[in-house]
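This structure is in structure tokens; I'll ask about it shortly.
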Amino acid sequence: MDQIIHFINDNLLLIYLLIFTVLLGFEVISKVPTVLHTPLMSGANAISGVVIIGAIILIRRSATDDYFSLAFGTLAIALGMINVVGGFAVTDRMLEMFKKKKK
Amino acid sequence: MTIGFLKDEGGAITPIVPSNISKLNELFEKVYVEAGIGSGAFYTDGEFEGAEVKSCKEIMATCDVIVRIDGKIEMDQVKKGAILMGQFAPFNDPSVAEVIAKKGLHAFSLDMIPRTTLAQSMDVLSSMGSIAGYQAILVALQYMPRYMPMMITAAGSIKPSKVLVIGAGVAGLQAIATAKRLGATVEAFDTRSAVREEVQSLGARFVEVEGARDDKDAGGYAVEQTEEYKKRQAELVQEKSATADIVVTTAQLRGRPAPKIVMRETVERMKAGSVIVDLAASTGGNCVLTKDGEVVNHNNVFIIGDSNLAARMPQDASIMYSNNVVNYLKHIVKDGNIDLGSQDEILSGSLITK
Amino acid sequence: MIFNTSIDVAYLIGAILFVWGLRLLSSPDTARKGNGYAAVGMAFGIIATLLDPRIEGGGNVVWIVGGMILGAIIGWLAAKKIKMTAMPQMVSVFNGLGGACAAVLATVEMTTMGLDMGAEVIALAALLIGSVSFTGSMLAYLKLDGRIWDSQVTWPKHNRINQVLLVIVLALFVYLVLRSYTLTLLVVFIILALFYGWSFVAPIGGADMPVVISLLNSFTGLSAAAAGLIYGNQLMLVGGIFVGAAGTILTILMCQAMNRSLMNVLIGGFTATGGGKDTGDQVAKSTNAIDTSILLFYSKSVMFVPGYGLAVAQAQKVLKELDDLLEANGVDVKYAIHPVAGRMPGHMNVLLAEADVPYPKLLDLEDANAAIPNTDVMVIVGANDVVNPAAVDDPASSIYGMPVLKVWEAKHVIVLKRSMNPGYAGIQNQLFFHDRTKMFFGDAKESIQNLVSEVKNL
Amino acid sequence: MTIGFLKDEGGAITPIVPSNISKLNELFEKVYVEAGIGSGAFYTDGEFEGAEVKSCKEIMATCDVIVRIDGKIEMDQVKKGAILMGQFAPFNDPSVAEVIAKKGLHAFSLDMIPRTTLAQSMDVLSSMGSIAGYQAILVALQYMPRYMPMMITAAGSIKPSKVLVIGAGVAGLQAIATAKRLGATVEAFDTRSAVREEVQSLGARFVEVEGARDDKDAGGYAVEQTEEYKKRQAELVQEKSATADIVVTTAQLRGRPAPKIVMRETVERMKAGSVIVDLAASTGGNCVLTKDGEVVNHNNVFIIGDSNLAARMPQDASIMYSNNVVNYLKHIVKDGNIDLGSQDEILSGSLITK
Amino acid sequence: MIFNTSIDVAYLIGAILFVWGLRLLSSPDTARKGNGYAAVGMAFGIIATLLDPRIEGGGNVVWIVGGMILGAIIGWLAAKKIKMTAMPQMVSVFNGLGGACAAVLATVEMTTMGLDMGAEVIALAALLIGSVSFTGSMLAYLKLDGRIWDSQVTWPKHNRINQVLLVIVLALFVYLVLRSYTLTLLVVFIILALFYGWSFVAPIGGADMPVVISLLNSFTGLSAAAAGLIYGNQLMLVGGIFVGAAGTILTILMCQAMNRSLMNVLIGGFTATGGGKDTGDQVAKSTNAIDTSILLFYSKSVMFVPGYGLAVAQAQKVLKELDDLLEANGVDVKYAIHPVAGRMPGHMNVLLAEADVPYPKLLDLEDANAAIPNTDVMVIVGANDVVNPAAVDDPASSIYGMPVLKVWEAKHVIVLKRSMNPGYAGIQNQLFFHDRTKMFFGDAKESIQNLVSEVKNL
Amino acid sequence: MDQIIHFINDNLLLIYLLIFTVLLGFEVISKVPTVLHTPLMSGANAISGVVIIGAIILIRRSATDDYFSLAFGTLAIALGMINVVGGFAVTDRMLEMFKKKKK
């Protein structure tokens, strides 16, 4: 409990930010047509690949001979990159059908 | 003042219906109606409560104002200074006013009421034209051996009838509306350019012949067109009529014979069982084969010449005509009198004995 | 200093682009642009990370570039080669890999650094969520791709087992945080987490996998956010939380679109194809106004097949309105009139004339049947007997031999009616169970009115 | 096999139109038509290309299949074993089949084709009934002296006509649709409960008399109702007719005289100029005052008894009838033969000489 | 400690309630609830501040409570007593007082505390923005309330003067920050700021005041945010920024609704009533689909007056649809048919029958005129001559004496037509300039279609 | 310039928060019917009365004899309170017309 209170005290701005981000996430999605559910899911998935940044940081931080970190880090980078590149590309393909017309 | 209403010779429409008598009693001292005046419209003499039923002779001899739809009133038997009301068509026979004036009588011609917004409630040409347009389609259907609407059925697909309306004045527009209602494909012609939008506003197609003379200054009536124009129009009509199932013509020119628009060859190219309804029959007809008051069968194309289609619907026609007359009288009768010298546009416009 | 700040600003721009991108993604008109924005945001983030001078260490550019190129190529090829219809599976795989990425990071952090308790909690959370997302997504992929059937992976009382499993995992989590942590225990934890992800998805019906993927996607987002906390990276944190929130809402919306609750979906045990109405053994697929409107709006040619139901619903005028809207957007709209549609000869003609449908748009049986194979969408508005394939292929049927509209030869068939009830002839209609058919249940007038509203919003 | 088509006595409709001959040539060795068969529908003999024009006698003497709409074929002059086709109405006169069979002939009665979905394309009752319903309104308008649609005009506001349709089968429904198109306020009656929704689907109001006997098992045809029910129905009709401008009655019972629904007092309460169109006239009429084939003027209410209104539109009626016949023949002729023993529902249902 | 945290959480809740409240406020259905939420959020903030133990000082409860009660009473009474029509003015006053509050705070801070440069910048900004908001709002109030005319407060080249003034104020701002600051200079600064606020609003047209108020409102929000920075209070900061952003967007939306740009509005010099189309001296007020749809939706009775324009636009069917929608929501809908409307006898009857309008809904001239005084909204659909008051009150008019529909006796009149052009009779129509009349320009069909969409969204 | 950079560095979270708040403000308002413009303006105005919190803080902080601050503070409180109470109340009145119907 104490720790939680401490945490809140120390990270008040962070908490504001997180909650507002959540609100923004809700607000942005709240009125989306069903047909966009899949592309949206796919797009969101691509964004969640942002975790790759962590992998890059991990490797950049690692000693050049820390093969454990390097190996796993590279694996993580590859995985994340698949998620990012594949995710955006596949979303784009899904959305091709929507480019045809303008009102 | 007293007013008397006479019956047209063999006419089904009455210029006065029972429900309007009370309104007239507010304007006139006494209201007379000719015996049997309402029979064509299914009114018995007994229904004309508030009016006195008299013979034609008596009415002519005594009344100050005498109304007869077609205006054919025996002037010799009429009281001096009396006012006659009817459709005298002075534009067709300009001498009529003179004749009446010579007899010391006055005449209001209801077909001379200006076609303004204000005068619409008195405008017998509009109300009767409207009925004629409606009936034009019904009478055509009586002769046409085909469905008017489209029908896709198990026993075959029937295409919608094509209806061509030539002259989209009041009658033409109503014909368009009625044919549209029954599901026909309707096209219409007119020389006045303003009509285009009106035709389209009823969901019909406007077939335009370019080069029509302008008509802005003719008070709403059509002007006669050039030879060149007539030729091109005739060609287009030929074209359209060949495929039309029903042609309704209403083109009239005030004071002149009706333009001949549908030619013999045109008729001969039409499908068997097609129908032409010519509302301009009384002034010669828009179709060369038209005979006024007759149905001509020309190679199985029926040409119906009838300028009095309103009489096919005598009850409502009588009600509307009577309403027009009453509205008109309400407008011109002031304090139990008619001021013949009035500058009122409607009164002076329709007073032909000046 | 200024360079550091630029890096921070780049992260900030990345975050804004994520938000803006997802916002644009939620409307058909701008969706593609939105995806592009988000991708640019990601590029900002990655490049900023690569350049950030504040990260000290070996650099190891080769490893990084190697991993990136490898991943990029695999991802790109996978995305481009995959068949249109298999895209949801692909998304599932991608998502699983994202989760795996987070899990790997967390594992490395757990093993290599001396973390304080807070960081440990966060790392373990990332590890747990990432792992669950990984195996769950993989199973979702296998199910969606038809490689595994529900029955192959569900055990009796599966939901109970899952609950127990969850308790064990969480207990281990707490133990790892509060008590000493050993590598063995960590490995056990990882294995349990991975297994739980699998087991969590196993009992959920194959047809519900899109919902599951969306849920796991928001999990991945959360694990990314957790990783962001570990590395103190705002973009990861904000992006992860944002996607987590958006994904959660999206998951709920997807459930709503199926008229189910999320709980209902997760408890699982449903039929193989959810959302339809059952009739005997066969199941018809159902659809809704939004999807149908987009289908209609973005197709080249649409043909309406009016029937008695159009008359009952008096839907002719709204149908014409829909027609007008579609025509205005370049869709070619026709009406196929079957000779015996309705209850009297010419019934449909009467209705459509009332609605002012121009005659040339009405095709009779022959013309319609000739045009159907080139039509994108057939919309059956309250017709039944006149589109019954039994007339063609079931000699036992009482209407065998009657010419019908062969609507099933078009690319898509949407059937608007209120129920699965038969029409006048009183016979079942196999059309409703056809591959290309979707049922849009409801009174025809209401349904079309909804379509009109949706099309207007596009 | 050869087939020959005969003309009805004075009938305007032809059972074969020129455009269908080629289809018959695929089924039969030779096709014959009686001279002048198409005249009522505006077809000349010369238009029947692919068929041979012969006299009635010759056709009867030579053809294997003989078609005449009303079925009135001189059996003595017909070749032995020939097949007759027409509307023999065996439900009205059950002896007819026997008579024909005795002469060694076979007969298909087109009015016995089952009213199934599959048989609709051969169903002459449907196609002719549909035309009759459409024409019922047109013929009523020929007599009614009033506008049908509502008209709010400067010459007065006209209320829409009230149309009451009794019996909403094929003809009744088409009458409803036609009256609606022309802007009338339409109400309809029927004893079959399923009709309610069908009436409403055309935008008309269904006037329900509660307590009607159920009819689910009568193959779509109406069953006779109880006395109590008849009384209440008559009362409601009295009520509704008193205000109706047009009443169209189509109620028929197979094999029995038409139910009497519109009584004398009802008619006498109607407004002058109102019209009753009785399509059940040939089986006695739904109105007690109906005379088949006549227009009765009863106190200025017109009662039109006409069971053959389709003949008012002979061209399309002929096309549809002919399509029905061809579809029917296509169904029953297999490899140039008609298998009289076939179990096919349509064939055996309409074969009355068994 | 835990109490402090509770205070922080209370602020957080307040902030969330602000966001959620404003979100609900933007849809008619939930607007009232949204206002309540925001008010509760405010209560959270105020109570938290009152209780926050971290604020050290005299306490001075009496002063606080006194001020609060005084303000609450004044605010409450003002809000309750004000006439409905004067509400925008009231809002303007309230907003000005909010700005004044921020300005006062900033002044006190400037004079009493030793601020570092950053804080000084912020305090001066709050002072400047608050002051501008104060005097600007007050002038907006005076203009809206009709107490001051545009011409009374505009000078020649006013916009140029304003630019110069702004430069001076900003220069003084910079001077105060960078160089030494004296009380005198501060007072000069305050006076200049106050004056600038006044002068800024002066040249803007009276009819544009709502836009100005919205803009000044977002200013007040920013000044509150600035004050929040000074006091290190998150709720003020977040709330202020949030309102600032929302107010800015709102301002832009309001300009868009008038088909103008914000710049265009601010440069000012427009006619007294913007948004209408001019004809000679008179100006007709115009309206749009959204406002009209809400007016229709929330009224008890609506009467349509169809004319020739309905026929030209072929709008009968959409009109019926609008009718249906309104009826479904309990609005009583009638049609007033003038005998000569259209171009042939019975023209309107033909159209409305085509659209299946039930006959009992059609009123003829007499019935309609009897019903009009009890009708909330008359919607004139492409009619003109038949609703021309000249027939009643202008003996010189060519249609004087003709019975017309006295639509101006209803509470509201909306005229749908494409322009100010006359009808068949070719005469001007004073109805368009009537107090209760609003013009809704555009093709009747399109306009009604837009109304239908809007009503559906309500 | 330097100061700005410093500021950004020091207040990164705050900047995130502010920008996200702005985005949220945009997003929440972006699709509002014209007829709600005035109520919304009024509601937003009431919220901007949050500045009253500053006035309360000011007074609470002030010494009990710092009459300058007290006087001005009380003035500020009263002004703010008018804005808050009047603002919400007037908004509520404006919105009364919307309570009538439900779809």
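Order of writing sets the labels: A, B, C, D, E and F. Residues in every chain begin at 1.
Just so it is clear, a contact is a pair of C-beta atoms (placed from the backbone, for glycine too) under 8 Å apart; a residue touches a chain by one contact, two chains touch by 3 or more.
Owing to the predicted nature of the structure, the values given are computational and were not obtained by experimental measurement.
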Notebook entry, point to check: If you check the contacts of chain A and chain B, which chains show up for both?
Noted result: C, E
Next item on the list: With over half of the numbers shared counting as same, classify the chain A/chain F interface as same or different.
Entry: same
Notebook entry, point to check: So which has more C-beta pairs touching, A-C or D-E?
Noted result: A-C
Next item on the list: Determine, using the mean of C-alpha atoms as each chain's centre, which chain is farthest from chain B.
Entry: A
Note to self: On a C-alpha centroid basis, what's the spacing between chain B and chain F, in Å?
What the structure shows: 74
Next item on the list: Let me have the rounded angstrom distance from the C-alpha centre of chain A over to the C-alpha centre of chain F, please.
Entry: 33
Margin query: Please tell me the distance, in whole Å, between the geometric centres of chain B and chain E computed from their C-alpha atoms.
Written below: 56
Next item on the list: Would you mind pulling out the distance in Å between where the CA atoms of chain D average out and where those of chain F do?
Entry: 80
Checklist line | Touching two or more other chains - residues of chain D | finding: 120-121, 126-127, 130, 149, 151, 153-155, 158, 181, 183, 203
Notebook entry, point to check: When you check chain A against every other chain, which residues touch at least two of them?
Noted result: 13, 16-17, 20-21, 23-24, 27-28
Check: Could you say which residues in chain E touch two or more other chains, in rising order?
Finding: 19, 23, 238, 339-340, 345-346, 350, 353-354, 356
Note to self: According to the definition already given, which pairs of chains are in contact?
What the structure shows: A-C, A-E, A-F, B-C, B-D, B-E, C-D, C-E, C-F, D-E, E-F
Item checked: Parts of chain B lying in touch with chain E, wherever the complex brings them together -> 116-118, 120-121, 126-127, 130, 133, 170, 173-174, 177, 180-181, 197-198, 200-203
Check: If you look only at chain A, which of its residues touch chain E in the complex?
Finding: 2, 5, 8-9, 12-13, 15-16, 19-20, 23, 27
Next item on the list: Report the residues of chain E in contact with chain C in the complex, numbered from low to high.
Entry: 317-318, 320-321, 354-356, 453, 456
Item checked: Of all residues in chain C, those that touch chain B in their complex -> 337-340, 345-346, 348-350, 353, 356, 359, 362, 364-365
Note to self: Give the list of chain A residues in touch with chain C in this complex.
What the structure shows: 3, 7, 17-18, 21-26, 28-66, 68-70, 72-103
